[in-house]
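Pasting the structures here.
What follows is a pair of complexes built around chain A, which joins chain B in one and chain C in the other.
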Partner chain A sequence: MSFQPVLLWSDLLIWLLVAGAVALGVLSARNPPLRAAWARVGRSRPGMAAATVLLAFLAVGLLDSLHYRPALPGGEGGRTVYSVEVLSALDALLTPLRTRNEKTYSAPLATRAHAREAIEVRAPDGSVRQVRDYPRLRHGGAHLGDEAARDADVAARLLRACALAAGLWLALTAAVAARRAARDGRGFAAAWRGLWRDGEGFAWNAVLGALAALLLLACALAALVPEYHVFGTDKVGQDVLYQVLKSVRTALVIGLVTTLVMLPLAVLLGIVAGYFRGWADDAIQYLYTTLNSIPGVLLIAAAVLMMQVVIDTHPQWFATAAERADLRLLALCLILGMTSWTGLCRLLRGEALKLRELEYIQAAQAFGVSDLAIIGRHLLPNLMHIVIIALVMDFSSLVLAEAVLSYVGIGVDPTMISFGTMINNARMELAREPVVWWSLAAAFFFMFALVLAANLLADAVRDAFDPRMTGAAS
Partner chain B sequence: MLAYLLRRLFYALPILIGVNLITFGLFFVVNTPDDMARMQLGVKRVTPEAIEKWKAERGYDKPLFINPAAPGVGLLTETIFFEKSARMFVGDFGRAEDGRDIAREIVTRMGPSLAIALPTFILGLFVTVSLALLLTFFRATYLDFWGVVLCVALMSISGLFYIIGGQFLISKLWKLVPISGYGGGPDAWKFLLLPVAIGVVSGIGSSTRWYRTIFLEEIGRDYVRTARAKGLPETAVLFRHVLKNAMVPILTGVVVVIPLLFMGSLLTESFFGIPGLGSYTIDAIQAQDFAVVRAMVFIGSVLYIAGLMLTDLSYTLVDPRIRFER
Partner chain C sequence: MNRDDPLLSVRDLRMGFADGRRVLAAVEGVGFDLAAGETLALLGESGCGKSATALSLLRLLPAAGRILGGEVRFAGRDLLSLPESEMRAVRGGGMAMIFQEPATSLNPVLTVGRQIGEVLERHAGLTGEGARARALALLADVGIADPARRLDEYPFQLSGGMKQRVMIAMALAGNPRLLVADEPTTALDVTIQAQILELLGRLQAERGMGILLITHDLGVVARMATRVGVMYAGELVEEAPRAAFFAAPRHPYTQKLFAALPDLARRGGRLETIPGQVPPLAAMPSGCRFAARCPHAWQRCRDEAPAWHAPAPGHRVRCHLLETPGGSVAAGTSVGASAVTGVPDAASVAHAAEAAPLLAVTDLRVHFPLRRGLLQRTVGHVKAVDGVSLTLARGRTLALVGESGCGKTTVGKAILQLVAPTGGSVRLDGCQLVGLGRQALRPLRRQMQMVFQDPFASLNPRMTVGEIIGEGMAAFAVARPAGERAAAIAALLAQVGLDAAAAGRYPHEFSGGQRQRIAIARALAVQPGLIVCDEPTSALDVSVQAQILNLLGTLQAELGLAYLFITHNFAVVEYLAHEVAVMYLGRIVERGNVAEVLRTPRHPYTQALLSAVPSPRPDARPMQQDFVRLPGETPSPANPPAGCHFHPRCPRASEACRQRYPDVTALSPTHAVSCHLYNDGA
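Showing the complex of A and B:
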């Protein structure tokens, strides 16, 4: 085998979450109220456009969660030797981006470096002299014979990318229309027109619109990436686009794995407090009031500082730097989860208190159904909408929190690429003359897209699931 | 009223004790003082003598809870728990790594923190409530729709970008105000202008949307229909009736944070170099000054609990139906 798969802890949890999401989907499909609510989400145009964008981010994050160690060429005595460097499937796809580094800063699509340096120029008579000039980049636009041809080259590549994107999009749309035409037994033209109308039961127009934008972006990047640094390079000459794509996984892990920690705590304690009342209720209320009264950032700071002490005083626990960074990321998720379950727990307790007084629960109690069965069969399904709303609402705030925490110095490992570390490294560069703006701009654009999509989807989900919202003007 | 307040104070005590125990557990039980010493002195090549000296200088060389070696009451008082944790209840926070008294540092740094946080809070509240009223007035029109879209977009931008972008545009490109710093005297307002403006703008998105939902919920009530039926213009309905009645849900979210204004804002203060409590906390976190972080956690919870009590009091001011007899 030419590679050895590596399963980091965060990979395991991410794939576990994917399995959990599939299970939730199956559960929702069997439960009529949940299915109706998801159908309402499907009719929301902003929600479905956001979901399409989020799926694209998720695809990048999942590709980046398949880790392996490549085999080194020339193994000894027939045994294959594997590299100590842990790569992911995304790294393999982006090999040109990952390996073709420049010396230092270069602007987006530039062919020359951002700063002057002493370079040797060979004069026609054969003598060598030193001049201070902007050196040519090793990789950016290196295929061009004449640098002046850059604009024409970029335009030609973009044009080809647009044509490709349009072709792909038309093919996809036609496939969807053909499927719908076959299913509903109507003509292809009618199905095609139906895609663009509201009231078809699913917001196809939004999905296809978002898909058009995504395809255009992806094709343009794919056309330019082989020869240029589309978003420039950073201080050590690494491609900014590569960093941005790697940041997506970190953001997703923070946003998703944290909920995995928070959810069991909040659901279990919330239901126990609300259903059983008594001393358990008092104890749980005391616990979350106490945790809630410590300002969030300070509690996280205190916990992370202590985690750092543990990590620094036990270097023998971690085999590689990647492993240490990964476990630190997980510890951060754990801490964020431990500090953020209180809000959901309070909501669930209140709802459970209300539900346990209703006739159907009292009837179940009168029939002698065990408490566990009542909670599982009667209480939990009726609390699901609160859980789902809380999950999607928390995601965007967690992604934003990661950036702030990394700035404060209590976020992810400094060696781990994330939006927070990117911003942190790039913010001092604005003080340079001339300004280095592209790292920040790229981080801003991708982070904004991710969080905006998450917020829009959260709104759609809340409107669909919250019983107070149905029927009311949004 | 007084009895009610006293009872609330009594309830707050166990919570503060819990906070104290949590921080004590985090800082002294999860990690022993030895670990901290090794961390501060550098993990490699550290001698046991150096660790003992570090601990003795800071008073961390005593037992955690019970000191059998000490006579009389010293059994309980000459311990880390009593000296470092329990004494925070009387405002004694010990010394920071640089040897300064934390309590005095906190008092002197409150001023700059408040100078930023208070105007931001008041202006921000005024701006967001006004915008939310505007959106409510034009509800179900294109202005409302695009206003909400803009709010969602604004709240999707990280707070870091507001600060970085504001500093870059206003201070560096246009050179309107100094990029950072803090000063007393007549020129102090120059330093405050930008942080306050950025603080207000960065809060617009989420707050405006939140107040708008509150107003919309209120506008569906019967008394609003009555007010319209008796011929009041829409503006009078909004300002005189809806705004007043929406005060209770608004106050619930707003009054809690008033005492926390003393803590300042971590990001704003550290970006603008303002010598307040926010930058004090950030510096302590980055220098791993555990004594300061412990003190700030405790003060933060005290202020939060004070905020909860203030919230209850403010209800009586805006809603005469709420009384504290019970």
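Showing the complex of A and C:
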């Protein structure tokens, strides 16, 4: 076998989350009210456009969660030897991006480096002269004979990409229309027109619109990537596009796994405190007030440093550097989760305090329904909208927290690429003259798209699952 | 302005609410005149556009509200064409408004003096000492004792009735010529309501103000109005002087409203109900808006909107029936007709006394500890319920009456063991409930259920109606197989008058009355013997209340249910209850049969309560000559007065009342009262 699959702990959690999402989907499909609620999500145009964008991010993140160790060429004695470098499916796809490094900074689509340096130029007479100039890049635009032809080349590639994107999109749309035509038993033209009409049914127009934008972007990137550094290169000459794509997984892990840690704590403790009151309430309030009164960064720094010592003193635990970085990422999630549940817990406690006095809860108590059933059937569903809103808010703030922690030096492993490390690096880059803006711009743009899409989808989900909102709309 | 001109003249006022690109008309062609010193009552059920009309007059519409046309002339000026800057002088200065909920109409972080001062500064240009003196005079004017102290207090330090008085003082600060009162007493207890209504009447007489009174309560109308306008679905459908209105209402809707009122005369019979609901704004019928619910409607009513007809001077009605003279349905036909069965005969009373009671409560006490300080030490107790005893037999209704804060709801919850009693005993069918553990209590819970006050808060919005009704069945494993349970739910829905398809829908799709039916079905699902009804109709309109009362009556006759009916509404008590217990500050002060307590009340508190209830039939019951006006308000149960709790407000209190709490005196086998007045003779 030419590679050895590697299952990192974070991979396991991510795929478990995917399995959970699939299970939830199957459950929802069987339950008519839930199915109706999801159908309402499907009718929301911003929600569906956001879901399309999120799915693209998710695809990148999932591809990046299939890890393996490639076999080294020429294993000794018939035994294959595997590289110590752990790669992912995404790395394999992006091999040219990953391997074609420049020396240092270069601007997007540049053919020459960003900074002048002393280069030796061989004069026509054979003498070697030292000049200070912008050196040619090793890979960026290397195929061009004449650098002046760059703009024309880029334009031609973009044009081809647009044509390809249009073709792909038309084919996709036609396939959707054909399926709908077959399902509803009407003509293809009618189905095609139906896709663009608002109103009843799935918001295909939003999905197809978002897809058009995504395809355009993807095709343009694909056309330019082989010969150019589309978003430039960073200090050590690594392609920024590659870094951004790798950062997506880190952001998703930080956002999702931390939530996974935080959610049970916040929901359980919040509801227990609000519903049972008494000494449980006192204890939980004491716990979160104490936790909250310790500065968060301090607490996280202490925990991270402790964990780092443990990791550093036990090198035998890790076969590869990737495993070490991964464990550190998970530990960071755990620590972030342990410190960030208090806000949501406080909110949920307050809401539970309010809800427990409501008459439908008392009616259930009058039936002798057990507390667990009351919490599950009456409290939790009526708290869900708060949970969803808090989750999305936290998702963005967690991605940002990661950046802050990396800035202080207690974030993810330095070898791990993340939006945080990119933004951290930008600190120095922005102070340079001329300014290196592209790292920050690329990280900002992708992070913004990710967080905005998550926000929009969460809005649509919350509206669809709130029966009062649907009542107001109809 | 001509002397003959009315103070306020509204012509063809139309307003609506923007909904996307459409504007849905909520008020259509409303017109009336109001002279100085006159009270016009706008009467109607919720959603009829009464408040929207009032807010349009002041141009204080919500964000989506739009005035679509018409004319509002106030003191000779057209308000709808005034610029906003001049309109601000009219609001408060010419026309002032008081709102329904005094608790939310005052700013909690400003003192009373500041809030009144704000109005004085704007409309009278008074500041500093002058403003303070004027504010003091105003507070004294609205009957607040010790106004100098109250001026520097915050709203939370005032009771509900005092807050409403402060609201009135603020409204009067601009010296308005017209007072718009939007349900000014709906949130208040009857004795406080009586005080506020009396205050409004006195202020009107002193200042010659016009009052536009918006209310749904026919009793308040009877007490206050000089003229009455009835609104239905955004239209004025009838306008008449008070006497004519109460003697001979002409519009079928008005007649139905009267017929839906519960009282003693209708006891045992069924109340008239108005089928259907007020049409939604988006689907107003083109003809008469009441046609779909009107028993006299014919084709023309559905096609053509009726014009105004005047059966008598000053009396006008928007109904096709009035076109031919004498064509109206004779008013009052239904009033006497249903009073057939009358009060329960002596035999059934005797029978009830013999039968073993289903529920026997003795000396029930619920005390809530008051905790203070760092260590949460108990420093006292709120004695919400302090020694209540009552019995209730199968098939009977016991009404527990009292003002808010007297502990009547806590009694209901303590009987159901939703609140743990501090002491006493509750026996249900001979089984002692107090002190039982959760597990031991569970099977007994099937015997007793509760119907709550607010149908909007008592149903989980995220469960379908079927799930809500099925919850109790699941808890007690009634009708276990899924098919059987679905059939049982359908049967229950049919029993409370709902369609079986309702099981798959969510509560928000139903109106208030329908929700209350669902809540009743939920209670019935486990086949209880006792249902505690906690003000089940107080959040509902009169016509819907009639439907629910009818349903409760039918269910009692069919299933032999016992009701513990917690209420403050004496009309409902008269109509429904067999026995009455009156509560004051956690104790029962008087109890007996309906006839005994309501016809010959003995306790001064009961007498005061009864005389404070405004009667919706000024002719049926002679205006109480011996109107007992209760001073002050209910004291806090954390710190009840020594001796008889009622003595600080009692007009007949003696030295003995201040010394000790009176014992129970039996006046007849069923009638008992706790008052020193009757102690010696017994």
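Basically, the second predicted complex is superposed on the first by the 349 of 474 C-alpha atoms of A that agree within 3 Å, B and C clash if a C-alpha of one lies under 4 Å from a C-alpha of the other, contacts with A are read in each partner's own complex, and residues count from 1 in each chain.
Rule of thumb we're sticking to: a residue touches a chain if its C-beta (ideal position, glycine included) is under 8 Å from a C-beta of that chain, and two chains touch if they have at least 3 such contacts.
Here the structure is a predicted model, which is why all the values come from computation and not from measurement.
**Q** Looking at the overlay, does A:Y360 come into contact with chain B only (first), chain C only (second), both, or neither?
**A** Second partner only.
**Q** Of the partners chain B and chain C, which touch A:S293 in the superposed model: first, second, both, neither?
**A** Once the two structures are laid over each other on A, A:S293 reaches chain B alone.
**Q** Classify the contacts of A:R377 with the two partner chains as first (chain B alone), second (chain C alone), both, or neither.
**A** After superposition on chain A, A:R377 lies in contact with chain C alone.
**Q** Identify the partner contact of A:L430: answer first if only chain B is touched, second if only chain C is, both if each is, neither if none is.
**A** In the superposition, A:L430 touches chain B alone.
**Q** Looking at the overlay, what does A:V22 touch: chain B (first), chain C (second), both, or neither?
**A** A:V22 contacts neither chain B nor chain C.
**Q** For the overlaid complexes, name the partner, chain B or chain C, with more touching residues on chain A.
**A** Result: the larger residue contact count on chain A belongs to B.
**Q** Touching A:G368 in the superposition: chain B (first), chain C (second), both, neither?
**A** A:G368 sits against chain C, while chain B stays out of touch.
**Q** Residue by residue on chain A, keep only those touching chain B in one complex and chain C in the other, then list them.
**A** Dual-contact residues (chain A): none.
**Q** Tell me, which parts of chain C touch chain A in their complex?
**A** 413, 416, 418, 438, 441-442, 445-446, 448-450, 452-454, 457-464, 468, 471-472, 475-476, 506, 508-509, 519, 522-523, 526
**Q** Inside the complex, what are the residues of chain A that reach chain C?
**A** Touch list, chain A to chain C: 33, 358-360, 362-369, 373, 377-378, 381-382, 467-468, 471.
**Q** Per the contact definition, I'd like the list of chain B residues that touch chain A in the complex.
**A** 14-15, 18-19, 22-23, 26-27, 30-31, 35-36, 38-39, 43, 139-140, 152-153, 155-161, 164, 167-168, 172, 216, 220, 260, 263, 266-267, 270, 281-282, 285-286, 288, 290, 293-294, 296-297, 300-301, 304-305
**Q** Going by the contact rule at the top, pick out the chain A residues touching chain B in the complex.
**A** These residues of chain A touch chain B: 286-287, 289-295, 297-299, 301-303, 305-306, 308-310, 312-313, 315, 396, 400, 403-404, 407-410, 419, 423, 427, 430-431, 435, 440, 444, 447-448, 451-452, 455-456, 459, 472-473.
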